[in-house]
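For reference, the structure is listed below as structure tokens.
Chains here go by letter, A, B, C and D, matching the order in which they are written, and residues are numbered from 1 within each.
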Amino acid sequence: MARNNDTWILTAQCPSQLGTVDVVTGFLKQQRCYITEQHSFDDKLAKQFFIRTEFQPQASDFNILDFQEVFTARAAEFGMTFNLSEKGYRMPVVIMVSKTDHCLNDLLYRYRAGKLSIEIKAVVSNHPDLEPLVRWHDLPYYHFPITKETKAQQEAQVLQVIEETGAELVILARYMQVLSSEMAHTLSGRAINIHHSLLPGFKGAKPYHQAYQKGVKLVGATAHYINDDLDEGPIITQKVEVVSHANYPDDLVDLGRDIERQTLAHAISCHVERRIFLYGQKTIVFSR
Amino acid sequence: MARNNDTWILTAQCPSQLGTVDVVTGFLKQQRCYITEQHSFDDKLAKQFFIRTEFQPQASDFNILDFQEVFTARAAEFGMTFNLSEKGYRMPVVIMVSKTDHCLNDLLYRYRAGKLSIEIKAVVSNHPDLEPLVRWHDLPYYHFPITKETKAQQEAQVLQVIEETGAELVILARYMQVLSSEMAHTLSGRAINIHHSLLPGFKGAKPYHQAYQKGVKLVGATAHYINDDLDEGPIITQKVEVVSHANYPDDLVDLGRDIERQTLAHAISCHVERRIFLYGQKTIVFSR
Amino acid sequence: MARNNDTWILTAQCPSQLGTVDVVTGFLKQQRCYITEQHSFDDKLAKQFFIRTEFQPQASDFNILDFQEVFTARAAEFGMTFNLSEKGYRMPVVIMVSKTDHCLNDLLYRYRAGKLSIEIKAVVSNHPDLEPLVRWHDLPYYHFPITKETKAQQEAQVLQVIEETGAELVILARYMQVLSSEMAHTLSGRAINIHHSLLPGFKGAKPYHQAYQKGVKLVGATAHYINDDLDEGPIITQKVEVVSHANYPDDLVDLGRDIERQTLAHAISCHVERRIFLYGQKTIVFSR
Amino acid sequence: MARNNDTWILTAQCPSQLGTVDVVTGFLKQQRCYITEQHSFDDKLAKQFFIRTEFQPQASDFNILDFQEVFTARAAEFGMTFNLSEKGYRMPVVIMVSKTDHCLNDLLYRYRAGKLSIEIKAVVSNHPDLEPLVRWHDLPYYHFPITKETKAQQEAQVLQVIEETGAELVILARYMQVLSSEMAHTLSGRAINIHHSLLPGFKGAKPYHQAYQKGVKLVGATAHYINDDLDEGPIITQKVEVVSHANYPDDLVDLGRDIERQTLAHAISCHVERRIFLYGQKTIVFSR
């Protein structure tokens, strides 16, 4: 396990106190690990500390399991929770879609170009439309139709795919169904949705039409973790585009496509590189 | 009145119908007026037409009153309302402030640099703090304190200043009082407010603190006409700034200053150059 | 030809003079054509006038050929050149690529989603790599390898494809070969290139690496018409992205992909909707 | 010196090696200093490490001189250079201007609003025009006219003011004279200039006019450290604004004012908060 150029990512958080940085970096020094990238943030209002470190072990006999065991004890003294993962790990994901394909197409492109560190295990949809696109990428496509009566059953099917594939992240790439509270709760912290407005403005259905009625001069997109309160999960990233009176609702929909797909891809990239910390209803995001 | 290089601005609107552009441009041709800038917009949903034209009369005996009289008849056939004003006209304005000075300072700077086509007739405040800044610019400053009991009386004082100075536009440059419905109604269409959020998100008090609590990744400012529904008037222009988890409420307030003052100045500039049309609860803005 | 809801686009330009707008709009009124969108610009320095009008004929016996014949005479009086095309016309194009696929993938997506009013007649490349992607879209792919010795011959092959397919626009979607002066001249005004820098900064090869060396804090992309002076053709549109010291050249390349594809798609969209006028070394672009 | 809530800023750089973060953070832990903000960057190409830490001493008997002495020894082992300064320190500055006042007015506003941690010691100009504005702020104004013949003498006068006032930073807020190589060299690393283009595009005189001639669709501003190669010093920050064919050179100048003053103020803010590291011809900037 001590190949040269292995890079590990350590993320951790704990209550603010003296020595929070040192508990990580002092240990890395002792373990002869070279830090290649590091971000930390001490939230002075919430009194909570967050750190993300990329490091390369220098010792020829480095062993990540030993490292983890020793660090567990050290972290416990600070009430610190942490995660260790190898850089470049391709996180298994399931993508959920309906009929709209601009986000899916974008994710598939980035995936096959090697620009997202994910392994797409399956694409699940309540419609059959996007199957050819997915099949061309040699990926499994599950069509689980949904009606008011079959919602519970359909969600069970989806969850089964998620579990059987070992997906660690679920991506709602313009999935046009509201998840049940149960499902939202089950996927809490590991499902990212793209909402086509600048939340908290224009929640719910047809946000571009709402934006048009209001006469706003900017439209936006928001990537957020889902929770059981619709369109209210912790925000990860947001983007905007300038619009004018000359843009009808259909134009806003068209304009929105570019910002939606970029916003979603950026959020996924941050998640799989473990750049995001969830804390309460908010996120800490250590962008590069 | 027929000096060379005089430029006039004609703005007009009417229901959509055949010949809406021609009713203006054909007439300008007949009157030997050279069009230097023109924008038009036909709202296909509202079925309403808007046009703004800058023109230079070429005839040595051009007379704007004659022009106006003849055009009035022509416009009537199309149910067209219109306005004529000379380009470079310095619109008389009254500025309302409280204690916060970033927008006022910005407006005063642009004013003395000749970058806003306004004539500041007075600055009115419910606090005495900003008097020295205004006095240095040789402008009148009225301090009208306000309490719950004296609100009606204070608003009467303000309205008196507006009337006596002949102000055509009232600028609420971070005036931290809610106008009464009566006053808002009186000033409808001729008072511009800067709200320090991206409306319709975060209406009301302390929007940056609301934004912090929500954990948004963008903050914004909105310039809008006031109406009698607080923070709900027609939007003129909006700007945003990227923020992160590391920005506390005070940081957002600081970051917001730059976008607020730019947003407000841009809206005023559009208003005084007659680039804005009000229609229902929305605006048409012909930016350059 | 007088179906309801037919929309035509008239673009025209002529030297600045009295009546330039009226020559178009007065005629449209006479011909009972309803103007749905119009932009005009009078360049006061170059003394040149530009106008673009979308209109819907109202007469049941409207005939575009008659319209064109009559307007030709009228335009001649003003020294006006013009073009008439039907809105929604799918312009035949040929796309040129090398190995890099992010722009091509984006164009193919927009094409199959019906978001670009083009008809892709062929994709031409000096490499075989992108054939599967193109074939999945049921489009012809021509692989014409190029060496210093065969450049003239290869360009002749490309031109033959362009001519035989009737392509009106050639899109260089990250085609990594410099066109010969002859070919650039032949395609003048009907070939759009995407350059991965904010021209005029960083012309030539490896612009992101140049940008990294220089330590810029923004990178950009420029879509421009090609002419026989490399990376010096008239600029159509430009976009930027914020970068930092932490972005190595490879990161800039990655970041650039998103802005390149958007910039190119926007330029093509403006071209096929006839929103761009070429004048000297510059463009007039009437965006919506 | 051990008041509660004192915050210190430690900045340091050294060649990349094992333990670079720990050398700082381990020491801070030993010294019972609580880290409130920290950024580090390891430049893998230049093999150079940079760190900036804000910390609050917790010990009642903390002494910064002792701290500095002990850390000096520790840093020496790593070939590390460092700087210690108290947060909130108001850096003494001299501002150089000519006739253009938008940047000066902006800096004076931020200064009196307490939004820039500087102490303006003097404003120096080669013209008398801006004296009233400076005097209203109760600040010294030096008018040193310049001609080709008196340039050396004038620069000596300016340098004398800089030295006598103890200015640690010189701000060229649209100072329209090229500094001599000697003066540029003398001020190397402690003079920030605002150039009104997106460098490296449009160096030298009248960049907005150059930009207009080129027909660019974006204009920008660049804040950079001066060095003895005109407009080639290390870039600190850059901003852009979208423009169109309808913007004449004078319009670009007007539009540029807002981005220039923001860009300059941001760069100064980063400098005085010691967020910038100079390395070779580039900067590392740890923005909040």
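Here is the rule we use: a contact is a pair of C-beta atoms (placed from the backbone, for glycine too) under 8 Å apart; a residue touches a chain by one contact, two chains touch by 3 or more.
This one's a predicted model, so the numbers in the text were calculated from it and none came from an experiment.
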{"item": "Duplicate of the A-B contact set - from C-D, B-C or A-D, the pair where over half of the pairs recur", "value": "C-D"}
{"item": "Selected interface, A-C versus C-D, where C-beta contact pairs are more numerous", "value": "C-D"}
{"item": "Interchain centroid distance [CA atoms averaged], chain A/chain C, Å", "value": "36"}
{"item": "Distance from chain D to chain C - Cα centre to Cα centre, in angstrom", "value": "42"}
{"item": "Residue numbers of chain B (touch at least two other chains)", "value": "37, 41, 44, 244, 246"}
{"item": "In the complex, chain C residues that touch chain A", "value": "37, 101-102, 105-106, 109, 113, 115, 136, 244, 246-247, 251, 254, 257-258, 262, 288"}
{"item": "Touching residues on chain B, where the partner in the complex is chain C", "value": "18-22, 25-26, 28-29, 32-42, 44, 58"}
{"item": "Contact footprint of chain C on chain D as seen in their complex", "value": "41, 43-45, 198-202, 214-218, 220, 234-240, 244-246, 248, 281-285, 287"}
